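Down below are the structures I want you to see.
Same chain, two partners: chain A is paired with chain B first, then with chain C.
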Partner chain A sequence: MKLFGLIADNILRNPVRSLLTILGTMVLVFVVTLVWSILDFLNAATATRTSNFKAIVTERWRLPSQMPYSYAATLKEGAAREPGHIRPRDAMCWSFYGGSLDREKRTRENSLFAFALEPPKLLTMMDELDSLPPDQHREFAEVVRRLEQNRQGIILGRQRLEAIQKRVGDRIKIYSLNYRGIDLEFEIVGLFPPGRYDNSAAMNIDYLTAALDAYQRENGQPHPLADKSLNLVWLRMQDTAEFDRIAQQILTAPYYSNPAVKIETASSGIATFLEAYRDLLWGMRYLLAPAILVTMALVISNAISISVRERQVEFAVLKVLGYRPFHILSLVLGEAILVGSLSGLVSAALTFSVVNYVVGGIKFPIAFFGAFFIPSQALLWGTIVGAATALAGSFLPAWSACRVKVTDVFARVG
Partner chain B sequence: MSFLGLAVGGLLWGGIIPGLSHFVTAGTLLAVVIVFLLYGASRIPTSYNVLNLQVRWRTTLLTALAFTLVTALLTVMLAFVNGMYALTLGSGNPENVIILSEGSTDEGFSNLGFSDVNDIGTQPGILQEDGVPLLSRETYLVVNQPIPNAPPGRPKRRFLQLRGIDDPKIAARVHRVELYPGGEWFSDAGVRQLSDGQIAVEVVLGEGIARELARDRDGNGAKKIRLEVGDQFILNDRPWLVVGVMQSSGKTFDSEVWGKRSLIGPMFGKETYSTLVARTASPDDAVKLRDYFNRQYKRAAVNAQIETDYFASLSETNKQFLVAIAFVTVVLAIGGVFGIMNTMYAAISQRTKDIGVLRLLGFRRHQILVAFLTESLMIAVAGGVVGIALGCLSHGWTANSVVGGQGGGKFVVLRLMIDADTIALGLLLTVATGILGGLMPALRAMRMSALDALR
Partner chain C sequence: MAQAQPPIVVVEDIHKFFTRGSERIDVLNGLSLEVPEGEFLALMGPSGSGKTTLLNLIAGLDRPSQGRIWVRGQEISSMSEGQLAGWRTRNIGFVFQFYHLIPVLTAYRNVELPLLLLPLSRAQRRRQVLNALDIVGLSDRIHHRPGQLSGGQQQRVGIARAIVTDPAIIVADEPTGDLDAKSAEEILDLLCELRSSLGKTIIMVTHDPRAAQRADRVLHLDKGRLTSEVPSAVS
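On to the complex of A and B.
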């Protein structure tokens, strides 16, 4: 307790130095938290799961995957066609419809890409939306119900709504880029819960299907994408044994020959996309983050070294008073660790609050992820990173402090 | 003297080296002017500062090391973005017009019918060679390739970019691409029988993808830097034979596999063309041809762009990376400012008496300010220069990435590139951080009265 009091006194003795060290540590923990949050999210997205996971069925060879919508019905059943075949727990089909709100001028702000799907699947199959807290779930279920009832409805993410400067209840017209000649009018029926889907949009697949039928009636021939409108099928699996069996059913089914399809776990699919960013992620993981940690250690080490040099006499006096070298070591290390861990914790907490609730996530252009959010574990990382780098940076100065020779110091003073 | 050297170097640099952006030139000049002013205003010998730094060598070293790391990071990150820009800006030719179907912003989504393609080839304005229009007819595809010998924990597939081409010799002329010696363009048939009787698809590879595909062979003990003529790889359950490797470094084609369109397109379910690239006599003619196709040509709805504009439009990802890097750099620099402030405050508190003596000797307040600012700058510049030098080691490293714009993108293998801008920005950051970090402590030193300092 006495040692703790001394540590606190010492930190407060030179407030400018302590403040500068705290601020330096905080900004560096801030960057590390951002970098690790992105890496942590990508690790989680690509981690192999063994239970209650999703699989993706796509066109086997080409990208973007464009399958006939006629595949949907059987793929949702896991191509179960014989006695003994099993079906996935749930399924969702995605078609992509995208375009611009301005026919002539296309910008990032007025562009809009929507998942066309069966509305109820938004609540049971979409990542994170399938596990909303009860009050958010109730609210979003009402939005989904409106989309189900209104075929021309569209659900938007909050940032997308802001970007196109519209409100819920407004009507918009999208001039399509991928379904050329099929420009659709929508009514904005609600919003996604804040977070991952802030820049997304979802529409009712029935609307797109009806528009494709209308195109054929009006033009006397099917739309060029009429038999390529199914982009992705998601299947929910209980475990890997179920995945293996359903994968076998799909890959041996005679229905999917032109084009052929492939099935993989969602994590495997995401990992393939991330392979294109392999070196960038390597740089973030093994160059950027470690270099920042070393910089932090240097900043703290510098402050502690200065402090130790200025307090040679004090350490000598402490020794005369009976303090053992171990006590002095603990005193100096304690100062550094207290400063490091507290600044780390405060920085991580601020980063968590500001990035998640004010900025709306980190906008980093990797793969198809719109924004990255700071996980709550970041509070722990921040504290540990602050403490660990402080420990690493202060060990040598602390060692030199505990080895102060009383006679040498007093000889110099004298 | 080191500052004088830096200043002169900076002036020469800003004035002589072409390609240095206006922003960086202006920033470098400003930094040089500041350094000159400091140097000119200081009457306290520089040796006094150097000696002080030597005496407190541990603190100096620790602070400088922090600068070294920050500037080294900045340099490597900028080299990465430079590499991306070099790819997107270096891939096109200003004499070429790229024609996609209307509404398509990317080759991957473009569909051009056969009859339209034939008609486009007869339009005036396209350069002719021996009576043949220099119009490359292409189908661009992205396909999945299972990775043989994929190490545990690594993806089992990769995306491979294929470009099906009708006439490789015309494509080579239009795109100004040549093969490495020993290679040849794929034959008219586009296939060749192998010694084991199998029929292989003939392809030429970009240099980057040739290196990437060679990684698959690591598991077999036959480690190669890149696939060469005669090597094979497996795609779509059949062998593909490398008949040439393109000298494509610095272009997006570096990451592509080129083969016979009539084979590759149908094999992956794309019967139509995605892209036409027309060569004209000059950049002005290219503008005319683009306008003709966009405004007057009625046979088919097409989207014609100057090739350089098309690739420039793929640089949106570059901008996003640049913003991210700028943000990280500024935050790191703020950390550096706090570090150097700590050092300088400590230096001042240790040398209070020195300051008093200097004031008694007749040195003016602003000269004290300049002396301490100079010291802070010396630490920053020493660390920064070493950091930049370390960062320069990354020049030429290769890295995978994606370049893209709205609604499209390409998987690329790029080369990290250090240029004058990168180095100038590193130095600017160093000088700015050194001045910002040293300013407040120096002001404190300046405000001390001689008597208070000596008391």
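On to the complex of A and C.
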């Protein structure tokens, strides 16, 4: 502790150089924090849970999954058909309806992609929406109630609403891209709570089903997707034993032969979906992140090397005064670690605040995730990354500083 | 009178050589010396004569290639580097020609540096630092950084740093070499005062005959050997 004052004074020795080193470290910690936040989120999403988890039922052999909606009723029951069969705790069916607000001009801004589902399931089966704080839950439950009562209703995420420049209560018409010939008019009945669903939309499945019926009435034949309108079924399981039993019930059921279905845990399903991004994620994890860490270490190493070279005489003087090599090693490493950890902490704190509260998450659409948020653990990562890379980068310069030979240094000075 | 004291430094037949490539450079050749406690000794000689090397060996900054050195009864020539570092803190005060103060630290913090290695409380350190700065007459400059002090004042801070641990021996390598005549005189007065008032043994390397005249004894070195021993006229 007695040496801490010396360490702090030395950091202020060359404020410009210290500031540049701090800024360089902060920028690199910022990038590492962004990359790790995405990877951490995806890791959490694909981590296997053992209790109260969800399973996904999809078409076995085709991607994207397109099952007949007639599968929905029995799949929601876990294909329970005999005494002794068990049912999932809850279930939700998803159909995807997507299109553009402008028939002629399709842009990212005017595109809209909605989950068609039973509205009450928004409150019980959707990640994060099933665990809202009481105030938000009450508010969102009212929005869900409006969607349930108004078959033509649609709930939008805040950023999507902003992108299409509409307000709650406005009416919109979507020219469908996947359900060609089924263009639907909607009334915006409310918004998703801020966060994960900022770019999402949800509609009432009854509206899509009715539109498919109307299509058949008007055209004399069913819509090409009429028998393929069930994309995913989510089932909530108590534990892995329950999952195994229900999976067995579904896989042995006679109802799902054409097309066949498969069931997997949500984490496994998401991991399968992320296979498409495997190379990108591999590059982020094993190339980008390490490259940034090495660059950080080199930036710090460079700054500390210059400082050590300039202070050779000082180190020699300290040795004359009785300082031992480990004292000098501690001084140099201490400076680097202090700079690194403070820069890392400040950078992570700024990243956490700005990305989460100002920017509204990292816009990196992948899988079902529209935006990623910086977890609070990033404050710890940032500090540790800053300190560890500083330690790695400064070790060689610190070692050379502590090996300074007094008589050689003063022979040169004299 | 100083000659009557027992020797505080005993140098016995020391040799020191360096190698540069395959070439061996002999700096000290079988030099022996005794320095009585409380003596002010000046070492003179041409460049390369070995006087700074001898000073470094006595101060425990280097070890002889051959021969033995005792300081205050302890044989320092056989100590490890770590032992020497601890020994220096308590026994040796070093004064440099170019002061070598740490520019980002105030006079107070520069003087405090050796005390950080000792098991002292903050209050004890403060007392010793203020006492040392008072002895060198810089009580009113404790918060000044080296850049805000004159050369003479910086050297006084250097001397305060050398005496703050109350060492028995002060070694000074051309302490007046970078100073004007007036400041040099003041520094020499201060060194004499340290010897007479505090009983410090002072070993000083100098090129300046006027500085050497202030010592009790002047030793001349040439090619690593003592060539003459002259009692100072002034002392």
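Here is the rule we go by: the second predicted complex is superposed on the first by the 409 of 414 C-alpha atoms of A that agree within 3 Å, B and C clash if a C-alpha of one lies under 4 Å from a C-alpha of the other, contacts with A are read in each partner's own complex, and residues count from 1 in each chain.
Convention: a contact is a pair of C-beta atoms (placed from the backbone, for glycine too) under 8 Å apart; a residue touches a chain by one contact, two chains touch by 3 or more.
This structure is a prediction, so every number in the text was calculated from the model and none was measured.
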First (chain B), second (chain C), both or neither touched by A:380: neither
Which superposed partner A:268 touches (first chain B, second chain C, both, neither): first
First (chain B), second (chain C), both or neither touched by A:298: first
Most chain A residues touched (candidates chain B, chain C): B
Touching partner for A:9 - first (chain B), second (chain C), both, neither: second
Partner chain in contact with A:407 - chain B first, chain C second, else both or neither: second
Parts of chain A lying in touch with chain B, wherever the complex brings them together: 16-17, 20-21, 23-24, 27-28, 30-31, 34, 59-64, 98, 106, 108, 111, 177-178, 180, 224, 258-259, 262, 264, 268, 271-280, 283, 287-288, 291-292, 294-296, 298-299, 301-303, 305-306, 310, 363-365
Interfacial residue positions of chain A with respect to chain C in the complex: 2-3, 5-6, 9-10, 12-13, 313-314, 317-325, 327, 406-407, 410, 413-414
Sites on chain B touched by chain A in the complex: 58-59, 62-63, 65-66, 69-70, 72-73, 76-77, 80, 102-105, 108-109, 111, 141-144, 154-159, 236, 268-270, 317, 320-321, 324, 328, 331-332, 334-336, 338-339, 341-343, 345-346, 349-350, 398-402, 406-407, 411
Chain C residues touching chain A - in the complex, by the definition given at the top: 52-53, 56, 59, 61-62, 81-82, 85-86, 88-90, 94, 96-98, 100, 102-105, 109, 113-114, 116-117, 161, 173
